[in-house]
Amino acid sequence: MKFPRGFASDNNSGAHPQILAAIAAANEGHVRAYGDDAFTSGALNKIQALFRGPSEVFFVFNGTGANVLALSAMTEPHHAVLCTENAHIHVDECGAPERFTGCKLVTTPTTDGKLTPTLCDRLYRGVGDQHHVQPRVVAVSQSTELGTLYSPAELKALADWAHKRDMFLYVDGARIANAAAALGVSLQQMLEGSGVDAFSFGGTKNGILFGEAVVFLNPELAAGFRFRRKQGMQLGSKMRFLSCQFEALLTNDLWLENARHANAMAKLLEKEMSGIPGVRITQKVEANGVFAEIPREATAKLQAKSFFYVWNETTNEVRWLTSWDTTPEDIQAFAAEARKILN
Amino acid sequence: MKFPRGFASDNNSGAHPQILAAIAAANEGHVRAYGDDAFTSGALNKIQALFRGPSEVFFVFNGTGANVLALSAMTEPHHAVLCTENAHIHVDECGAPERFTGCKLVTTPTTDGKLTPTLCDRLYRGVGDQHHVQPRVVAVSQSTELGTLYSPAELKALADWAHKRDMFLYVDGARIANAAAALGVSLQQMLEGSGVDAFSFGGTKNGILFGEAVVFLNPELAAGFRFRRKQGMQLGSKMRFLSCQFEALLTNDLWLENARHANAMAKLLEKEMSGIPGVRITQKVEANGVFAEIPREATAKLQAKSFFYVWNETTNEVRWLTSWDTTPEDIQAFAAEARKILN
Amino acid sequence: MKFPRGFASDNNSGAHPQILAAIAAANEGHVRAYGDDAFTSGALNKIQALFRGPSEVFFVFNGTGANVLALSAMTEPHHAVLCTENAHIHVDECGAPERFTGCKLVTTPTTDGKLTPTLCDRLYRGVGDQHHVQPRVVAVSQSTELGTLYSPAELKALADWAHKRDMFLYVDGARIANAAAALGVSLQQMLEGSGVDAFSFGGTKNGILFGEAVVFLNPELAAGFRFRRKQGMQLGSKMRFLSCQFEALLTNDLWLENARHANAMAKLLEKEMSGIPGVRITQKVEANGVFAEIPREATAKLQAKSFFYVWNETTNEVRWLTSWDTTPEDIQAFAAEARKILN
Amino acid sequence: MKFPRGFASDNNSGAHPQILAAIAAANEGHVRAYGDDAFTSGALNKIQALFRGPSEVFFVFNGTGANVLALSAMTEPHHAVLCTENAHIHVDECGAPERFTGCKLVTTPTTDGKLTPTLCDRLYRGVGDQHHVQPRVVAVSQSTELGTLYSPAELKALADWAHKRDMFLYVDGARIANAAAALGVSLQQMLEGSGVDAFSFGGTKNGILFGEAVVFLNPELAAGFRFRRKQGMQLGSKMRFLSCQFEALLTNDLWLENARHANAMAKLLEKEMSGIPGVRITQKVEANGVFAEIPREATAKLQAKSFFYVWNETTNEVRWLTSWDTTPEDIQAFAAEARKILN
C-alpha cells in the first residue's frame, strides 16, 4: 500500500467509497449554486428529520468554520465562552474564535477533557461587572479531545446550568458520530433531549472528503446565519457536492456504521496495546481515541513505523486515533511493532 | 437530462471527469492532514513552476476566502482597497473584506468593469491625513465581472501606478484561466511579467469541485500566511483532495482547455444572440460572459426555459455565462427559444 | 491674542469658562471611578429629563467613539449602514465604523448633505440575498457636514422609512445643539418626536473640553452597552470630570446659548462674505457652517491670515465654521482681509 | 469633606491643582485640533527628551486604549500575547485586547504578579505550528497589579528573552511613575536601558484628569500609529487639553513627586495596618498598593467606613491603593477604624 493507514488522526483517512459514488452521481448538468438545489434541500431535510422540534441546518467547509460561526451566532464580542483548557477551539484553531467572535475563551484544566457544572461555577466570574467579559456560552466537544464521552445526563446538567444563567450550550461535534455510536442513543436523545442549543455535525473525520453542518436546535439563533456564513467565507458555491456527501452519510446509517467501526477499532487497539510493558492507557477509551503513556525512548522508533502525535511532552502521553477505514490487521501490525520495540 | 445546462453561472456546472478521477486516485490509505502530503507539494510545485521568480502558493476553499485572506496579507486595518463599483469583493462577498481586513473599499463606477490609472488617481485621496484610510491595494478582477479583460500592458500600468505609491496590485483570478486562454499569454507573462503582487488562481469555476489557490508573486507578502489561513477558517484538513484537483487541472493544460472551450462558447452565444431583434450586446465578449440588454417583457419567459440573472434592473441588462461543459447544442437551443420569444 | 480665533473648525475653540469652573468644583476628594458617582448620575438624569419616554445615556470620549459604538449596538457585522457620501462616519473616521462594526457603509452623493427616503430607496439593495450586506441603519448628521439641517418632519420621514423596513435611524449629533438652536425646537420634538432610535449628543464642539453622550431613545438597543463601551476603549475612569461638563452644559441652557451664538455668527459671516466679489455661498447657512466657492488664487493668501480648510479641491469650495467663542470682531476682521485680497 | 479620600483606587482621586492650572492656561483662543498645536509638540518633546534614542509618542484617552493600540501595533491577529493571569489586559479590559488585536492572551498564574523568563518558557508553545497562535509580545505591568515591581535587571531579562525569539516586550505603565519613584531610577534606565520596546506612560492614576501616552522606544513599531489611533477611536480633537496636562506633569518632576508621595503613603498604610490583629500583608509593598488578608466578617464593616475592593474572594484578600492626594491623616483614620473593628 502506497499510503499505509496509521493512527495519527482520523483526518488522515480518505473518503468512504459511497461518498465518492454520491459525488459522481451528483456530477450531472447544471444546478443552482450556493445551496439553492435539490441535493442541498434533501440533505438538510435528512438532518432535520433526526430531531423532533424545528431546527436550522447549514453546511460549511470545515470544523473551525463550524465552531467559529456557530459561536458568533450565540455571542456578542463582549461575551465569554467557557471551555476546557484542551478544547479544540482553544488550542487548535489558531485563535479563530477570538478573532472572529471578539469573545474571550475562559478555560479550566480537567482530568478527562470534560466540563461539569462545578467547573463552570469556577469560570462564572465578573458577571455584571463592566470591566469583565460576560459568560454566554458553555462549549464542549462530544466526543472530547481526550476520547471521552458526555452522557446525555451530563450534557443535560450542563445545558440546565447554562440556561439558568441565560447562557447557551454548544457542542463541537467533529466526532459526534463516534459519540452517538458509542452511547447507543440517537442524536435527538443526546442533543435535543438534553437541551443543547447548537452543535456541529462533523462529516470530515467520519468518512467524507470535507464538510461539516452547523445545526441550531434553538432555531432563533439561526437568524441571519446565511449572511454570517457568507461573510465568514464558509459558503460553498458548488454546494451540491457538499450536500450530496451528507445525503450519502445519512443513508442507511453510514455515518453510524463508520463511527461504530472506528470505535470498535479503538477498543481493539486499547486491548492490544494495554498488555505491552511500559504502555499505560491514560484515558477511558469511549470513542475512537486511545491515549497512553509510553516510554520516551520508544516514541521515535514507533513513530518511524507509523506516525502519531505526542499529546503531552511532559508525561510522554501519546494519542492514537482510529478511523472508519482502520482494519484489525492495521492494529495487529502496529501492536506487533510496539511489542518488538518495547520488549 | 435531469439538470440541463444553462447560462446562469459557471458555478452551476459540475466537475470535469478528470477531476473526479483524480480524487478517486487520491483516495487510498492515510496521508498526513493539513497539506503535509505529496499531493499537496506536487500541486504547489506545479503552480510555482508556472513562474520564473519565487512564489508562495496556498490552497483555500473558495473565492471569497482567497480574496479576503490575500487582501488581509497586504493590508493593515487602516488601509483602503481601491476597486470598481461592481467588483466581486465589493458587491458579492457580504462585506467579508471589510469584516476581516478592517479596511474600507474605495470604489469607482466604470463603463467596462476595468480600473485604470486615471480612475485610480481619483480614488487616491486623503493620503497622509490621519482621519482617512490610506490606499494600499489596487484590486482588479481578471477576467472582470463584466466579462472583459485587462491586457498585460493594462495590468502593468496599474502595477506601476500602485508600486510608485508603495501600494500593491491584487488580481481576483476566479476566472484567470478564461483570461489566460483568451489573451493567449502565459500566467507568467500576464501576471508576473506585469508586476502583479498576488492573485487568486480560481479552480471552482473552471471545472473542479471546489478550491482556489492564493498565489503570492511577491513572496514577502506570504509571511505568516499559514497562520492567517488557519485562523481564517480556510485550512482544509483532508488537503490532498483539494490539491489533487489542482494537480489534475494543471496536467496537460486541462485548465486552459476548459477555459478555451468556455470562451469559445461565449463567442458562439454572442453570435447567436446578437442577431435576435431586441437583443443588444452591452460589453465586449472577451472571456466567458455575455452581457446584453433584452426586452423587459421577454426576460421571465426566457428565464423560465433556462434561468439566468438580471444584472441591471434599470436597463434590463442580463448576464449569460458559459462554462467548461457548455455545448454548441445548449447555445442553439437557448438561442432558438430566445428567437421564438422575441419574434 | 496668542491663539487668534479662526474659522477652521469648532474643534479649534477652547472651553467655556463655566465648564472649567465645573471641573474645578468637581475636583474634591475621592469619588468612585467609572461612573459610579453622583456627578454622573446627575448628568445622566439631566439628559434623560429632556425626553418623555425612557432612554439610556452613556458618556464617551469623542465623536468617533460615540458613532462607532452606537452603530455597533444597532448592527451585526453582516449589516449595512446607509449614509451620505460625505458623512463624517464615511470620510473622517479612518474606517473606524467598518473596523469595529464589521458593517459596510453604503453611500450616496447628495447636493446638500442630506439623505431622503428617495435616496434611501436607491441604497436599499440586495435585501435577503446572502451575498449582500443587509441594510440595518440609516445614519444622518444633524446639523450636517455641509451646515444644513433636517427639519423634524424630514427626520420623521427617514425614521418611518427605516422602521417600515425593520431598520433604525441614527443621528450623529456632534452638532445637535446647533441644530436645536437653529430649528428652535426641543431635542424631544426633534428626535424623540421624530422616532430617532439613537443619537450622539455632542459636547466637544459646543464648548467643553472633551466628551460626547450616546443616547438611546430606543432603550432596548442599550442592552450590554456598558460592556461594549468598556471593550470599545471609551470608558473613562475619572468619569466625574466628563459628567460634570455635561452637567454644566445643561445648566441654564448653556448648550443652547453656545450654539445659538455660533449659529448667529455664521449668519453674520455669511452676510459679510457674500457681498465680496468672487465669493459664492454654496450651501444654505442653517447652523454654524458657511460653505463658499472662492477664487483659487485667493485661498492661500486668506488661509495665511486665518487658516481654514478647502472642502472641495475641484471647485475650490471652502468651509468656514463658527463656534461658541467667535466674536463679531473676528468676523469683521476676516471679512476685511477677504475684501482686501479679493478686490 | 463631601467626598472623603479612601483606598479603593488611585482612579478615585481628582487632579492635582497644577493640572487644572495648566488647562486654564491652555484655554485661550483657537489652536488647531487633533494635535497639530504647540501644546502637543511641547509635551511630546518633553517625553522624548527623557530618552536617549529616538522614540515616538502618542497621547490617547485611557489605559485600555493605550494598551490595546500599542499591542495592535506589535502584532498580527494570529499572534499571542504572553502575560500573567491577573494582568489588567487579561482581566479588567472586557476583552478589548482580543477584540481589537485578534490575538489570544496566553496566561500563567504567578505568586507576585510578575512574569519571569522561566514562566515565559512555559507559555512559549506551538511555535511554527499553523494550528496555534504564535507568541509575539511579552506584556508586563510596572508596577504590577499586585503592587510589586520589576527591577531594571528583571525587565532586561524579559526583553532579552523576548528579543531572542523575535518577540517584543511591552510594559503597561498605568503606574510607571510609581515604579520610577520607588526604584529611584530614570525611565531611561528602567525602560530604554532594559530594551523595552514600548510602554504606556500613565497619567490618569497619577494626578491628571484623563490621558495616557503610548511610547514606542522601538520607533519602527510606530509606523502607521496615527491612523491606528484615529481608527481606534483614541484621537482627541481638542488635543491641547490632553497635552497640556502631560506638559504640567513633566514640569518640575510633578509626576515623580505625585508618585513618591503615593508610594510613601502606601508604606505608611502598610506599617499602620500590619500591626492590627487579623491583618496579614500578602504582597511586598513596593509601589502604591497594599494587599492584605483580613477577617471576612470585618470586611463589610470597614468598607462601610471607606470603600475598597476585595481582590480575592476565596482568601478574603483585599486591595488598598494610595494616591497622590492621600494624607497621613487619611491613613491614621482608616487604621483607627480597622483597629476598632478588629479588636
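By written order: A, B, C and D. Residues from 1 in each chain.
Quick note on the criterion: a contact is a pair of C-beta atoms (placed from the backbone, for glycine too) under 8 Å apart; a residue touches a chain by one contact, two chains touch by 3 or more.
Note that the structure is predicted; figures quoted are calculated from it, not measured.
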item	value
Pair of chains joined by more contacts [C-beta pairs], A-D or C-D	C-D
Equivalent of A-B within the choices A-C, B-C or C-D, defined by over half of its residue contact pairs recurring	C-D
Averaged-CA centre spacing for the pair subunit D and subunit B, given as whole angstrom	50
Inter-chain centre distance, subunit C versus subunit D - centres from mean C-alpha coordinates, in Å	33
Where subunit A and subunit D are represented by their mean Cα positions, the distance between them in whole Å	42
Set of subunit A residues in contact with two or more other chains	34, 77-78, 93-95, 99, 102, 130-131, 133, 227, 230-231, 235
Interfacial residue positions of subunit C with respect to subunit A in the complex	34, 76-78, 102, 130-131, 133-134, 224, 226-231, 235
Residue ranges of subunit C in contact with subunit B within the complex	77-78, 80, 91-95, 98-99, 102-105, 126, 130-133
Interface residues, subunit C side, partner subunit D - complex	1-6, 8-9, 11-15, 20, 23-24, 26-34, 61-65, 68-69, 93-96, 99-100, 204-205, 209-210, 227, 230-238, 241-242, 307, 323
